[in-house]
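Two complexes are shown next, each including chain A; its partner changes from chain B in the first to chain C in the second.
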Partner chain A sequence: MAPIRLSKSVFGTLRVKPNHTLPIRQRCLYHSYEHDQPPPFPEAESSILSAAMRHVPDHGFTNAALKFGARDAGYLDVSTNLLPRGVFDLINYHLVTQRLALKDSVQFPTEGQVEGKAMGVGAKVRALTLARLRANGPIIHRWQEALAIMAQPTYAPASVAELARLADEIWFLAADTSVDSSWYTKRASLSALYAASDVFMTQDTSKDFIETEQFFDARLKDVSRMGSFMGAVGEWVGYTGHSAVNVLRSKGVRI
Partner chain B sequence: MNDLMSLGIHRLWKDHFVRNLNPGRNPLTSSSSSEKGWNILDIAGGTGDIAFRMLDHASTINNDAHTKVTVADINPDMLAEGRKRALETPYARSPRLDFIEANAEKLDMIPDASIDLYTVAFGIRNFTHKEAAIREAYRVLKPGGVFACMEFSKVNNSLFDAVYKRWSFSAIPLIGQVVAGDRDSYQYLVESIERFPSQTEFRDMIKDAGFLVPGQGWEDLTGGIAAIHKGVKPA
Partner chain C sequence: MPPTMPLLRSIARIPSRQTPLPVLDFLAPRTIAIPHRQISPPSSSLSSRHHSTASTTTNSTNNTNPNSTPSPAPKYPSMRSPLTPEQSSFLDSALRVNQAGELAAVLIYASQTPPLIRAHPNLRPLMKHMYDQEAGHFQYFNALIAKHRVRPTAMYPVWHAAASVLGWGTAVMGREAAMACTEAVETEIGSHYNEQVRVLLDWAEKMEGRGEEVSAEFKGMVGELRRIRDEELEHLDHAVENDAKGARPYELLTNVIRGGCRTAIWITERV
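What follows is the complex of A and B.
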């Protein structure tokens, strides 16, 4: 009973506080998504890289594309030295801009306005992930090159970090509110799913990448089956462990 | 002498420096034929170390037979050494290589906005007015042109720094005395390295001159013994 009374008294003191403290409280509630974020790349880099992206379908993720981009943006060949990681900066630009574009390109109907039930978190995640995969469509014939560069030991940590940010962005946009350990497992499993589908898509010749969609759905099913299996295993391990400890305690072992 | 003092590592640095700048305009992947090759100015490059590497890279990697390097040095003896060494390269009597005697703080013979790439390798440390030299670099570079500087810098790891300090203050003057018979010059060398600004300070000097710096602004070589600083003139 004591903690409840305590919390009541705390709330009570909050409530009797005069009104002028309210703006201070509101100022403390900062949500980054309610504010405009600074652009992810400086202006000069951004102009070279966005111009270079237009040359990727023809020239791939190469220095040639970067040099053409620099020329188009009014710079010189030598100006590509502005990008310390060279071609990887071009790939990174694609990854970051496509991740940030996700929040504008995929719109969900707001709850209450649609007939029937609102989209679940799972359906939203599926829609967002497929939208992100489709964003690679125009350059998919060059994407294997990019994956090879991303897998180089120098760039692998940055690539994995970007994949984690993408998974986080998707779960956030899907309005996932989990605050337990599933926060991690959700992001980890989505990262794995996305990476697998991304590689599958580079060899997908079906119309509108319908096979990639099927592949993704099948993996999604695997994950949910795997998830319930892992849950059961965890429960069993926990129960057995507790029992073993208790048996030992009953024998007088001090644990 | 340089090989003895740096255990040969200065060659690796120079190769890396040139490879990263990737000089030369590949005729196979460039559409407009209006401009051929880069116009490179190598300051304090009397002996031609950087210049020959630039031309080799442009010719063999980028199939570019037009890129031109102007080597400038304040010291005529160094230029004479460079001219002598140039005779062993294919560029000695070609219009692609030029030697001029010039002070980096006052490059009056070089017109404004005429240079693609301005390099200075292990030279800027000895300039009296570094800011003036950087401003002069900004003037001669075309918009979009690159200022690239390789220079001794500050070691990041304190343990490695202790070893490196021991080497530079004890061994290098001794090597100078034994091999070149000139202890004082090499004592000056290590002291000038010690006095040169740190990576961040020098990066800010480049920024203050109006350059855009890529990423963090520098790249450490061998734990920070040397560092490559770059700046791009905004277009």
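What follows is the complex of A and C.
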């Protein structure tokens, strides 16, 4: 009897796993407000990884941290085999949980309540991005090794996808509603900005990461200047084109 | 006592027969670990680990795992079951196609209007009526995909250009060709909306079958989709009333446009 129950539970676990991890891998799907969102990690993985994160400041993003995490969570050392990608799963856990924590950690005053001007989308994006960068603060001395692992060819696609999800989350939380081509350019430029600041921050020794903030602000200014220039060019082209067509129509050309 | 005795014996036999059994307990700590821990005395080398495992398993039987406090697994007491990946990817591509379709419709009418009402000023109110309705649909879908975090199509600039050229080109060919274009486009779009309404109603029926209340989100969406479909089919009627069938190469024109629409829908569902 015991072997039957055993095999059932083993296969049950194996079967359940892909169902849980599937929604994470897919990009930007329909977001429902009235249906449950599936949890990002299965319970066992989540308890091991959250315990392992507490060992990262001492042991870095290593198998040792995973092993200690598994022990703390009450599992055997070998249970880290539950995580097929090993250390990268630990990094991914950090990225995903910090991304999902943004919506609770940064609160904007609701419109109408605050006196003076309401916060613009740009200011919201800045606040959210800096909050996300600061969330790496406690483990910043270990973050370079994490970046090195993320850059490995096997994990690079997953890392880039997670970066894109972070950019999407920030624009969404900043209440940006653009749904044309700028949807893509906005996310791409924010991803580039965030990645550059993230790398800069690993070298930052200033108090409270004030230099990272200045670096980010300088890049943000560059990007917004570039963006407004491109917008102006587009507007000029559109205006000139329309005027030309209208002038020709007024001259009797049949277009 | 008698019924439990064979069970205890069978469990007690396991560690002696298979030494690597504890390896499996991380896979299912709740079902098999508890009796195993209680019966077999902990060996000296693994004693500390056994204690910690036993403590978690007893905790997890009460459904309170202290180690998973920072885990982001929200448990809403009485929410609807999550959408399946198929459902959310269907909604994702359907809403993306709808937005792109309405973008194209707005641009087709906008670029058809000047050449058309120059030749046929009597069509001005009709064109304005159809354009205003399409602009309303476009606005609705823009708001909807921003709210539900659906990615807009990457082909946005391509559809922008293609729809403008199609509208202007058919209008220059004359009233009949412009109306044939409207007829072809609205036929495709109408059947596309019909399909979506059918799928959503099917889901709603299944949700009710499971005893869940259908979300206001879905109800609202079905209502809006029906209204929009009816308006699109009304445009189709207007086009036929205005001699769409009189376009010169009628079969060729409508079939090319309908084929183009279907290709565009196929591409937009994916990117």
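In the analysis below, the second predicted complex is superposed on the first by the 192 of 255 C-alpha atoms of A that agree within 3 Å, B and C clash if a C-alpha of one lies under 4 Å from a C-alpha of the other, contacts with A are read in each partner's own complex, and residues count from 1 in each chain.
The rule we apply is simple: a contact is a pair of C-beta atoms (placed from the backbone, for glycine too) under 8 Å apart; a residue touches a chain by one contact, two chains touch by 3 or more.
In this text, all values refer to a predicted model and were calculated from it rather than measured experimentally.
Judged by the touch definition given at the top, the superposed model places A:Val78 against both chain B and chain C. In the superposed pair of complexes, A:Lys207 makes contact with neither chain B nor chain C.
Looking at the shared chain after the overlay, A:Lys251 reaches neither chain B nor chain C. In the superposition on chain A, A:Ala101 makes contact with chain C only, while chain B stays out of contact range.
Contacts of A:Gln37 after superposition on the shared chain: chain C is touched, whereas chain B is not. By the touch criterion stated above, A:Ala64 is placed in contact with chain B alone, chain C being left untouched.
In the overlay built on the shared chain, the residue A:Tyr184 is in contact with chain C alone; chain B does not reach it. Set against each other, chain B and chain C touch different numbers of residues in chain A, with C touching more. Shared contact residues on chain A (touching chain B in one structure, chain C in the other): 44, 70-71, 73-79, 82. On the side of chain C, the complex with chain A involves touching residues 7, 10-11, 14, 22-29, 31-32, 49, 52-53, 55-57, 65, 67-74, 76, 79-83, 85, 87-89, 91-92, 95, 99, 114-115, 118, 142-143, 145-146, 148-152, 154, 156-157, 168, 172, 215-217. The residues of chain A lying in touch with chain C in their complex are 1-2, 5-6, 9-10, 12-13, 22-23, 26-41, 43-44, 46-47, 50-51, 70-79, 82, 96-97, 100-101, 168, 172, 176-181, 183-184, 249, 254-255. Residues of chain B that touch chain A in their complex: 20-23, 25-26, 29-32, 38, 116-117, 142-146, 148, 212, 214-216, 219, 230, 232, 234-235. Across the interface of their complex, chain B is touched by residues 42, 44-45, 59, 63-64, 67-68, 70-71, 73-85 of chain A.
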